[in-house]
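The following pair of complexes shares a single chain, chain A, combined with chain B in the former and chain C in the latter.
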Partner chain A sequence: MNSFLQNFPILAIMTLFVGAFVTSLVGRRNAVARNVVVAISVTGALAMMLALIKPVLLDGQIVAYWLGGWTPVEGWAIGISLEVDALSLFFGLIVTVAVFVSGIYSFTYMNHDDSLVNYYTLFLMLSGSVLGLVLSGDLFNIFVMIEIMTFTAVALTAFRTSYEGALEGALKYLVVGSLGSTSVLLGIAMIYSQLHTLNLAQIAALIPGQGGNLVTIAAFAFLFMGFGTKAFLFPFHPLAADAHAVAPASISLMISGVLTKCGVYGIIRLVYVLYQNINTPFVSYLVTGFGAVSMFVCVTMAFNQHNFKRLLAFHSISQVGYVITVVGLGSALGLSAGLYHAMNHTIFKGLLFLTAGAVQHQTGSLDLDSLGGLSKKMPKTTLLFLIGAASISGLPPFNGFASKWLIYQAAFLKGVYDGNFFYIMVAVVALITSVLTLASFVKVSQSVFFGQLPEQYREVREVPLAMRLPMWVLAVLCVVTGLFPNFVQTYLLTPAVSAVANLTAYIDSAMGAGYAAAHGIYVSGLTEVPITGVWNPVSWLLLLFCVTCGVAIVALLASPNDNSKLHISSKDETAEERDDKYESFFSGEEALYSQVGGSDLFWGFKHSWRKYFSFMHDWHSGIVNDYTLYGVVAIALVLLVCVIVL
Partner chain B sequence: MTALLWNLFYVLIFPGLFFCILMGILLSGLDRIWVARMQRRVGPPLLQGWYDFLKCCGKETIVPRHAKKAVYFAAPVVGFAALITIALFLPVVGGKPAFSGTADLVVILYLLTLVSVCMIVGAAASGSPFAGVGLSREMVAMISYELPFVLVILAISKVTLTADSGLPMTFSLQAIWDYQTVNGPLIAHWSLIPAAIALLFVIPCEVGMHPFDIAEAETEICEGTLSEYSGPPLAVFRLTHMVKMYIMTALFYVLFLGGISTGIVAVDVVIFILVCVLLTFITMSLPHAACARFKVEQVFQFYWTFVAGLALISLILVWLGL
Partner chain C sequence: MKSKFRKKNIIVRCAADLFLPLACVFGCYVVFHGNTSPGGGFQGGVLIASAILLVFLGYGGGRVKGSFSERMLHSSETVAEIMYVVIALIGIFTGLNFAVNFVFAGHRFETSNLMNDAVGYHVMAGIACLLILMLSTLEPDEDEKNQISAEGKEADPK
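Up next, the complex of A and B:
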């Protein structure tokens, strides 16, 4: 490996952290200088990650960087290391792309706010910490980065202190988030007490030799629940909703697209690399079970939301639930489906949060019951929203479909090969969740973008290009990653999955050749499963195009050649010219404003589930004490079961 | 060049555009005649669907003031085209789909969803409050039939997958057809009979036929999703509805009655058409004539308890290896 590229991981992290401090130095007086520093930092970090694609993803090398040159001595890693394999770089790319988009979007989106220098300082620290987390080769640094990440995210959640509930949301996030951080710290302390090392590679080599050591098993439970908190898995999901609803949209993108991915990354590292116990049936049930419950509970919770961003927040946990579910399957197909969906989730959920931010920026409201008809005023945002909504609902040919399609296959095949009915039911839950997701987004599109325009939003205008541009970047990514699944599979997913499977290389590149073999580690238990379905988006799109052309030609030939039959109301008609024939049909009554609001949709469905919904309503009490209690109980239960079973 | 011409033939003539429209009109005409006869009426001529289509095409189109024009016009066309593409993936004749290697059963499930979504989005874009109610009902109907549909698909895939010793082709229609060629139609597989009945119930709801047409209830919500549509866009929506009758019956044929081939294409096509006609009578005309329209929550409860229960029984039986 080129020794110059060797420095890129640490440089990328430093670019963001140094950018944070420079911003707070220069940004107080000069807004332009501040924005330039932010732009340089986020672009620099992205560029360095992109430069690492060739050696790490394509050539399969692993970059191990020891801070201060403290390389391992006599098989003991005492220095701090960064270890970037294809899995880390995959998440690093997700993080830097999201940071880049969010940073660019912030420039215009945040222009109504003051004390922006604090915003950008915290934003860059948040970005640096998540990048540091996924690139770190050291367990304790993962904890440090989690702490920086949590506290900057809490501060940014409460950034708009004037918002109702901003401080409350931040407080909940702080308290329950600390619970997760504490859990991670406890786990790390236990591992250190047993293995006397904090290096990930060395831990991975030593843990299998521990056998049934109760302390390392307890550490597993604590680490799993700690990372689960960071991914906002059930039962930690309510705080995500509170935090998302009040945070600025650019920060919601970060929380949903990036912070939850850190939890996912942590869980993948934990079960596949550190403990290598994903093929234990119990661990597989544990991970898949948590994923499936999060996926289903959160999608039903999203049904009852009246706030655009709260709804998106619940969906984001639901989608992370998909990722965790398939990650828990322990097959190569499952892991690649999970990684694919994790990437897609960052893209489409980022897009949806940015469109929500655009709506909020132009109208000042996120209330699904009072908005309506914005497609007439914000046509481009509407198009972007529809792309994002189609992606998250898994409509072909967008990226959400491509990854969900893999998810169903992975769950179904696992069920058939293992002869296990549990995984078949997981596939059923995943398919049903997808329909419910669609229903939720039908609700949003009907109650925000379509329907009738309320009087007070007559003067709303389209968002400026500077805000649309980041959204377009994400929308194009939605389409491209959906249309070329084989390309994504070859260049991004397969390297990441084989990096996870090739444990020996991961350990040896940090600890020196032969270290893994000396501790009896050869290859991980990942079994290769061939992809067994047929989905060719480009070919389908070609067929669709042909059919549409056929219909259009027939229609043109058949249609009478006069335009007098097409009646469209003119844009600038005056009050006297208003023709009643263009009004919506009201059963012969006088036309009134009668938008069908978000909460009035789907009553047939909600009525049938009223007991479930009222139980859920009481359960999500909004009291931080309750949420902490759920968290503590969940951690205690998982700890108990892990210690008994493993 | 010949390959290209053949592909164009597949897309535009058979089993694509032309054949789909023809079958849709035929099935809907037969359905209307049968329902009329059961109600002691004479009923319309067989090609009434086509006459309706032509008449709608000749009418003027009024785009309401609240409508989002681009979506209002694009939704019917995209939905219709997506529906036609499904026909290209069904191996209806001789066990070969017109285009293999493009889509499997899950893709078809989602393409059917896409068709309904196009109707929903079109309705939303028309800006009418009646359409708002209609689209919410359409969505509830979709949630209702999706669960049994998914269970049926998984049960079938389980049967065909375990039998296949080579490379597993999950959810592949081709694999399902080949399995039936070897082992006889799946309807003869006794543990799949509940699943077949469940799919028979799914068909009318997916198509939006009478007892389950909650989304277009004329008497309650003024055609719901279609209340602001007129002229050619409405004609396309009507045609989509008719073609869906054909697609759903053909899907049942492929899943449960496939694998039979006499070797003569013409005979196969005739058998296939007869099966579609028969299925239309059983799944659509009979319930249409016999039942009044269900309430929204009745549809949901019926599908998630009774129909999903049948499909689940099948899945469990199949799971136990029966």
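Up next, the complex of A and C:
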């Protein structure tokens, strides 16, 4: 590898951090200079990550970089390292793309706010810490980055202090997020006390020799729950919703698309690389169970929401639940499905949050019950929203379908091969969740973009191009990654999965050749499974195109020109033409305002599930003490079960 | 002139006068020797910043506001952060690793000296900024209120 290319991981992290410092220095008075600095840092970080694709993803090399040149001495990693293998780079790419899109979108989206220099400083520090987390080769630096990430995210959540609940949401995030950070710190302390090292590669080499050491098992439980908190898994989900609803949309993108991925990355590193215990049935049940519960509970919670971004927040956790579910399967197919869905989730959920932000920017409201009919005023945003909604609901040919198909397949195959009913049930739950996702996005599109336009939104206009451009980037990525799953599989997923499987290379590149073999670590049982399904996404796109053309032709034939357009009962008619006298015999009295509100559309479903929903209603009390208690109880239970079973 | 300075207890003011240079010098000592002795940039920076508290105790909040510029301290903090990263980056651009000791290894003076100084500068500015923010939320005490009203009366006849 080109020796200067080795410096790119640290340079990418430092570009973002230095960008944050320079922003706070020059951006106080000069807005243009501030935006230029932000644009340069996010673009620079993205470019450096892209430059690493060739050596790391395609050639399969691993960058082991020792800060200050402190290489291991006599088999002990005394220095701080960055270790970038294909898995780290995969997540690094997700992070930098999301940061780039969010930064560009902020320039226009945030123009109603003041003290923006603080916003951009915190934003760049958040981006830098997340990138540092996924590229780090050192457990303690992962903790440091988690802390920076949590505190900047909390500050950014509360950035719009004028919003009702902004400070409250931030406080909940702070308290419960600190619970997760503390859990990670405890786990790290336990590992350090037993193994006397913090380097990921060395820990991976030493842990199997520990056998049934209770301290390392307890450390596993703490680390798992700590990363689970960062991914907002099941008992921690309420704070994500509270935080998302009040955060600016560009920060919601970061929290949902990037911060939760850090939790996912941590769990993958933990169960596949550090402890290598994913093939233990108990660990597989634990991870899959947490994922499946989060996936299902959060999608049903999304039905009750009246706030656009709260609804998206619950879907976000639901989709992360999918990822965790298949990561827990322990098969190569499952892991590659999980990584694919993690990537797709960042893309489509980012797109949906940005459209929500566009609606909020133009109308000032996120209330599903009061919005409506915006497709007439914001047609381009509506198109973008529909692409995102189709992707998240798993409609072909968009990317959500490709990854969800892999998820069903992975879960079902695991169930069939092992003869285990649990995994088959997981596949069924995943399928039901997908249907419910589609249903709740029908509700959103009905109550925000279609239906009747309320009076107060008559003057709403389309968002400017500077805001639509980042959304188009994500929309194009939605379509491209959905249309060419084989390319994604070959160039992104297979390298990442084989990097996880090839544990010896990860350890040896950091600790020196032969270190893994000396500690009895060999290539783990994961092998490549080249399955992408037997469907052809391009033909689905053609079908979609033909159907759209057909609908368009029918629509055009039905109304040859505007003058002869048939009005049955339309408000466009002037008062003279209209004779209300016969209306009641033709179609009944027309209501003055007939918007179907967000709460009405699935009332039947909610009614039949009322016992479950009333239980969930009491569960989500909004009191930070309760949420902390759920978290502590969950951590304690997992700790207890891990210590007993493992 | 005398009435202007009467407001604080003479013992407190004398102690503040005495310890202010000590705090600064000792803080600087801890920063500069951070790489070879206990302490370091962080502790030394906090010691230097404690000078602000001494000024507050001796002369009151009004004097703190008059003597220190919060904006300047804030900029200094940022400059120190950039300084630290630049020192670390020199390693890369001399063809070595990030944060490497690019000064001749084995000498008493090392890169870590420079980094310590940057940290000390950063912490000094940061803590000073925080102290000023915290002190500015306090209510002015009795003496200061009297002084303010006295100044107002003096200014009125003109």
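One rule holds in what follows: the second predicted complex is superposed on the first by the 592 of 646 C-alpha atoms of A that agree within 3 Å, B and C clash if a C-alpha of one lies under 4 Å from a C-alpha of the other, contacts with A are read in each partner's own complex, and residues count from 1 in each chain.
Here is the rule we go by: contacts are C-beta pairs under 8 Å (C-beta built on N, C-alpha and C of every residue); 3 or more make two chains touch, one makes a residue touch a chain.
The shown structure was predicted, so the numbers you read here are calculated from the model rather than taken from an experiment.
Asker: Per the contact definition in the header, classify A:Ala47: touching chain B only (first), chain C only (second), both, or neither.
Answerer: neither
Asker: Examine A:Gly550 and indicate which partner it touches, taking first as chain B and second as chain C; both and neither are also allowed.
Answerer: A:Gly550: touches chain B, not chain C.
Asker: Which partner does A:Ser539 contact after superposing on A: first (chain B), second (chain C), both, neither?
Answerer: In the superposed model, A:Ser539 contacts chain B only, not chain C.
Asker: Could you look at A:Met14 and tell me whether it touches chain B, chain C, both or neither (first, second, both, neither)?
Answerer: In the superposed model, A:Met14 contacts chain C only, not chain B.
Asker: I'd like to know which partner A:Val36 touches here: chain B for first, chain C for second, both or neither.
Answerer: It touches nothing on chain B or chain C.
Asker: Does chain A have more residues touched by chain B or by chain C?
Answerer: Touching more of chain A: B.
Asker: Please work out whether A:Ala189 is in contact with chain B alone, chain C alone, both, or neither, and reply first, second, both or neither.
Answerer: Touch status of A:Ala189: no partner.
Asker: Can you tell me which positions in chain A touch chain B when the two form their complex?
Answerer: Contacts found on chain A: 373, 375-376, 379, 382, 386, 390, 393-396, 401, 405, 408-409, 412-413, 416, 421, 424, 427-428, 431-432, 435-436, 438-439, 442-443, 445-446, 449-453, 530, 532-536, 539-540, 543-544, 546-548, 550-552, 555, 558-560, 564-569, 581-587, 594-596, 600-605, 607-608.
Asker: Applying the document's contact rule, which stretches of chain A touch chain C when the two form their complex?
Answerer: 7, 10-11, 14, 17-18, 21-22, 24-25, 65-69
Asker: Across the complex, what residues on chain B touch chain A?
Answerer: Result: residues 8, 11-12, 16-17, 57-66, 68-71, 77-78, 80-82, 84-85, 88, 99-104, 106-107, 110-111, 113-114, 117, 120-121, 124-130, 132-133, 135-137, 139-140, 142-143, 146-147, 150-151, 154, 157-158, 161-162, 167-172, 214, 222, 227-228, 231-232, 236, 295-297, 299-301, 304, 315-316, 319 of chain B touch chain A.
Asker: For chain C, which residues are in contact with chain A within the complex?
Answerer: 74-75, 78-79, 81-82, 85, 88-89, 91-92, 96-101
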